[in-house]
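We just call them A, B, C, D, E and F in the order they show up, numbering each chain from 1.
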C-alpha cells in the first residue's frame, strides 16, 4: 500500500521537487508516490484556480487503487475536506500539516508566501484552523513571475522575507508557503537560525504516522 | 442590470422558495433573477458536493451578461472567493451575509443546521470569518431525509431546534442554515420571540446595497 | 415611513455630508431623513463626549413619529444598544455596519481614525463585536485640528494613512473611521485600489434591508 | 483624600450594602465614601438605563473635592471610560475589576446575572475586555422582580445558579453580577466550594492599590 | 540513535502500556526506548506533582547518550519547554502532539480527562497553544481512584465520557487525556464512530517525523 | 500574619529592589517580607531555569509559618499553580497580576522584556491567560549582559523600547517585564506619558486585597 502525494498543479518540476523533498521519509517503509494533476494549471495563484483543481483531483485520487493515504500538495489545501468526504483513508493537506508541525517548533509562525494575493487565502485558512493567535506574519516575496524563475533572486527574496518575519514580526518558526521549494529549506535555516517547515515534508510525515496508527475519519458518507 | 441569485443545487423548488423569499427586496428597484444550477446535486450535503458545484457555478455566473452582482445561495458559500476572483462585480454568499446581518441583531447567534455533518463545515467558515466568539451554538434538526419531506415535521423540528439554541445555548438571534426555507421564518420568530435571519434575504439585501454603493473588490486577476 | 439618520454632533456640515453620501440609496424607495443633534458637541472626540450625546439622542429619536428605523451616525455608535432598548424598530450604528460590510469585501480591515485617542475606543468596540482577528490596523491621520480644516491636507493625510494600512498592516479593505467624509471615498479607492467603506452608507444600506425584511429585535422592555 | 464609590442607582439600600461589603478594606487606611446617584433609577436593568446614568454620574463625581479615586459600582460599568476621560485620578469599574480579580482565582469564570436581559450586555463587555475565552458561562437567576424581594428565594436561586455554573459550565471561580448582594458571598462559597468575587470588593481593592501606587491614565483631555 | 520516551510517573505499568501503544511505529526504523522516571509520583494528579518531575526528568533525559529525540509522556507536558532549552534534539510533548494531530482529524476536539482537577491545567495549555476555539469540551471520568483500578469501570466511564463529548459538546475527534490507556482506543472508536487520538502514539509519530526531517529548535542556550 | 514575597533568583540586589518597590503598600497594614531563593540562579533567563526554581521555592514557601499569602516575584510566574496546589492561602504571580492591572489602565498593553528569548515564554503565558487580543507588543531591550549592568544604558534602552511599544505597536499601557527595576518606573512614565505597571507592585497590591477579602482557591488537594 502506498501514500499518494498529489501535486494539483501541472508542473512536473514541482512534482519532482516534492518527490525529492520527501526522500528522507521513505525509510519509514511505506512507498510514497508523487503524482501530477495534468488538468491543473501550471501554478495555483488564486482561490479560483485552486477550486477548479478539486474535481479532477478527486478523480485522480479515486484512481489510485493501492492508496493507503493521500497528501494534497498545494499550500491552500484545495479539496482537503472534499477528499476526506470521498475516502476513509487518511488525507492530509500541506498547509494544515505545516501549521500543526510549526506549532511544535516555535510560539509564533511566519509564512513565506510566493504571491501577495495568496495571503488573504492563507488567513482564511488559519482562521478556520483556529490558530490565528499563533501567526506572527505572512509576507510575500515581492517578486515578479520573471524574477521567480531566477533561482538566485528567489533564494535572496526568500532569505530576506524570512528575516523580516523573524525581525519585524517576531516569528520563531517559519513555514515555506508553497510546495516545490524544499531545496531552499537548508539555506533559510542557516540564514535565520530558525526551524523551517517545508510543507510537503510535514504532511507526508504526518500522513505516514496516521497510516501506521490507522488515524482517519471513520464512516464515509460518499464512498 | 440585474442581481443574479444562483441556487447551486438542482432543485427548482428551492429556487422558487428563494425567489419568493427575496420578494420584499424587489421594491429596491434592481431586478433580481434567481437561477438554478442544473449540474448541481438535488441537495448539497457535504463539502465534496459543495466543491463540485464550483466549476459549473462559475460558468453559469459568467453566462449572465446583464449581471450587476451575484449571490451564491447555498449555506456554505461554495465558490464565494473563486467567483470574487472571476469578477469585479459584488459577490455575496448567503452564509457570510447571514452572519454579518445577525451580528447587528443580537450578541450570540444560533444556527439551525439541516444535517449534523454540515456543522463542522459551518464552524470552519465561522473560524475563517473570525466570528467564533459570537457563536452561541449550531444544532441540527435531527430529522431523516424522509422526515424532512414532511412540512409539519420540518416545522416542528425547526421550532424545537430554535428553542434549544435560545434556551440551552443562549442565542439571541437565529440563522436558518439553508436556503429555501424562508416560509418558516415567521413561525420561528413567533415561537422564539427572537429575530431570525433567512440567509438568502440577508445576502440579497447586502448585495443590493453593494451594487448601489459600488462596493466590491477592485482589480481583477482573472477577468 | 422614513429612515431617520441622526448625526449626534451639532455640525450641520457633517449632516449635509451624510445626506449627500446616502443619496445613491434613496432610489430604494424609503425616504431617508438626516437630522442633527443640536445638543451634541461640534465634534465627538472622546468617550465622554460620545456618552453625553446619548440622552438627547434618545429623546430626538423618540420625537420622530414617522420613523421606520434609525441610523446613529457617529463612528463609536454612541447609544446604539440604548436605542435598541427604546424601540423595536431597526437600529443600526455606522461603526458596526461598516465593519460587517467590510468583512464581506476583504479579509483584514484597516480603519482610518481621525484622532489617535479614538483608537482605544474603536478597539473596545471591535472586541465587543468579536472581530478583532479580522482587524489589520487602526491608524490616525496625525493632523492637528487646524490641519483637519484644510481639505487638501485632510485628503493627503487620508491617502497616506490608507496606504500605510494597506502596505504596513496588510489591510485589503478600508473603513473611514468617521461620518461626513464620504467625499474622499473615491480618491481613497483610486489611490489604494482597495474597496473603501464609508460608514454612513454602509449603515443606511443595512438599515433599508432590515426595514424591508422586518429584521429587528423583537419585544421591547422600555417602549 | 478619599476613594469615592458611586452607586449609580438610587437605592440607598444598595449603597448601604456596598458600604458594608467594603468594610474589610477600610483598614488599608484610605477613607472610602459610598454615595448614591439620586438621579439614577431604582435599579439598572438595561443598557438604556445604564447609559442615562452617565451624565449625572459624571457631575456627581466632579463634585467630590476630596476624591483620590473612583469606583463605579454598577455591574456594566456605565460611564467607566467617560469618567477616565474626565479625570486623571484612578477610576475602576466593578465589572472590569471583578473579572480581573477572578482571572487570578480560577481558569474559567462564571457570572451570576440577576436578569437574563443583562447577559448580552455582559458578553459585549467581556469581548471588549478580550477575555471571552476565559468565560465559562453567564446565567441569570430566573426570578421575577417579586421573587427578588424575597431574601430566601434570592439566596436559593443564587446558590442554584452558582452550582449550574460550576457543574454544567465548568466554572472554577464565580462572579456576582451585581452590586449590593455581598451578604450572599459567604453562603455561595460554602455551597460551591469555589472562590466567589463580589465586584464592589474587587474594585475597591484594586482602586486602593492604584491610589497607593499612583496608577492611572496620564494626561487629561477634558479636565 | 534512539527516540527516548520518558514516562514522568513511576508506574512501570504505565511505561509498559506506552511501550505497547507505540509498537506500530517501530517499523519506521528508529529504535524507541520507553523509560520510567523512578523519582516521579505513582501518578501525576496536579500541577504541583507535574512541576516536581521536571528537575529529575531533565537529568534522566541528559543521561541518555544515544538519544536522537525525546517524548515527554505525561498529558500536561511537564518540562516540555525546559527540555527544549536543554537540548537541540527534537522534543515533543504528548498533549501538544495529541492536539496537533487531532486538529487534522476533526473540527472540534474533545478531551477525556481522568480527574476533574486536571481540566483547568488542560485549559491553560490549550490557551497557550492558541487553540481554544477548536475545543469542544474537556470532561472527567467521574471515577474514584478505587474505580479507576477496575478495568471494566474505567472502560465504561471512558465510553460514557466519550459519548458525552460527542453528543453534548459536539466533538468530532477525541483525545485520551492521559498516557497508558491505549488499550481502550479501539473500543472508544468503535463505540463513538469518531477518530480517537492516543497521545503517546501521536507524539512518537511526530517525533519520528521531526527526527527524520531534522526539525527542531536551532541553537541551544543551555547545552 | 505576613505577605511573603519570594524572589526566585538568588540576587539580594533584586530582592532589595522589590522590597523598596512595594514600600508604598506597607501602609495598608499587612507586613510584607521579601525573601530570596538562595538555591535560585543569579537571574532567570529561560524556561529551564524558571522550572528548576519551583521545587526549592515550594519548600521555601512552606517554611514561612507566619504567611498569610504569597507573591512569586519572577516575571514568568514559575510555580504559580504549583504553589496554589500546595496552599489555600492567596498566591499571586507578578506576571499575571501585572497583566490584570494593566488591563484596567489601557486597551493594549506593551511589555518591556529584558531578553529576546523570554518573549515566547511571555506569549505562552498571555495565551494561557486568554488575553492575547489585548497585547500590543512584547519587545526586548536589545542589550548584552554587560550593557545591562550599566544603569544609564539600561535606562536608555528601557525608554527607547517603551517608546517603540507606544509608537510602533500602539500600546497605551506598559508593563515592565521583570522584577527589580522599579526605580525606572517613574522615568518611563515621564518619557512616554503612559501608565507603567511595575509587576511586583501590582502583585503585592492584589495580594493584599485578596488577603483582606479572604479570596483564594478553596479546598486543598496537597496540604
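Just so we're on the same page, contacts are C-beta pairs under 8 Å (C-beta built on N, C-alpha and C of every residue); 3 or more make two chains touch, one makes a residue touch a chain.
What you are looking at is a predicted structure, and each value in this text was computed from that prediction instead of being measured.
Within the list A-B, A-E or D-E, D-F finds its counterpart interface, over half of the contact pairs alike by residue number, in A-E.
Most remote chain with respect to chain F, judged by CA-atom centres, is B.
Distances between chain centres, each the mean of the C-alpha atoms, put D farthest from chain A.
Chain centres here are Cα averages; for chain B and chain E they lie 41 Å apart.
Averaging C-alpha coordinates per chain places the centre of chain C 31 Å away from that of chain D. Centroids of chain A and chain D (each the mean of its C-alpha atoms) stand 50 Å apart. Among the residues of chain C, those touching two or more other chains are numbered 106, 124, 127, 129-130, 132-133.
Taken chain by chain, the contacts fit none of the simple shapes, being neither an open path, a ring, a star, nor a full set of pairwise contacts. Each chain pair that touches appears in this list: A-B, A-C, A-E, A-F, B-C, B-D, B-E, C-D, C-F, D-E, D-F, E-F.
On chain F, the positions that touch chain E within their shared complex are 45-52, 54-55, 58, 79, 81-86, 117, 121, 124-125, 127-130, 132, 221-222. Of all residues in chain E, only 119-120, 123-124, 127, 132-133, 138 touch chain D in the complex they form. By the touch rule above, chain F contacts chain D in their complex via residues 24-25, 27-29, 92, 96-97, 100-101, 103-106, 129-134, 189, 193-195, 197-198, 201-202, 205-206, 208-210, 212-213, 215-219. Interface of chain A with chain F (complex): residues 106-108, 133, 170, 172.
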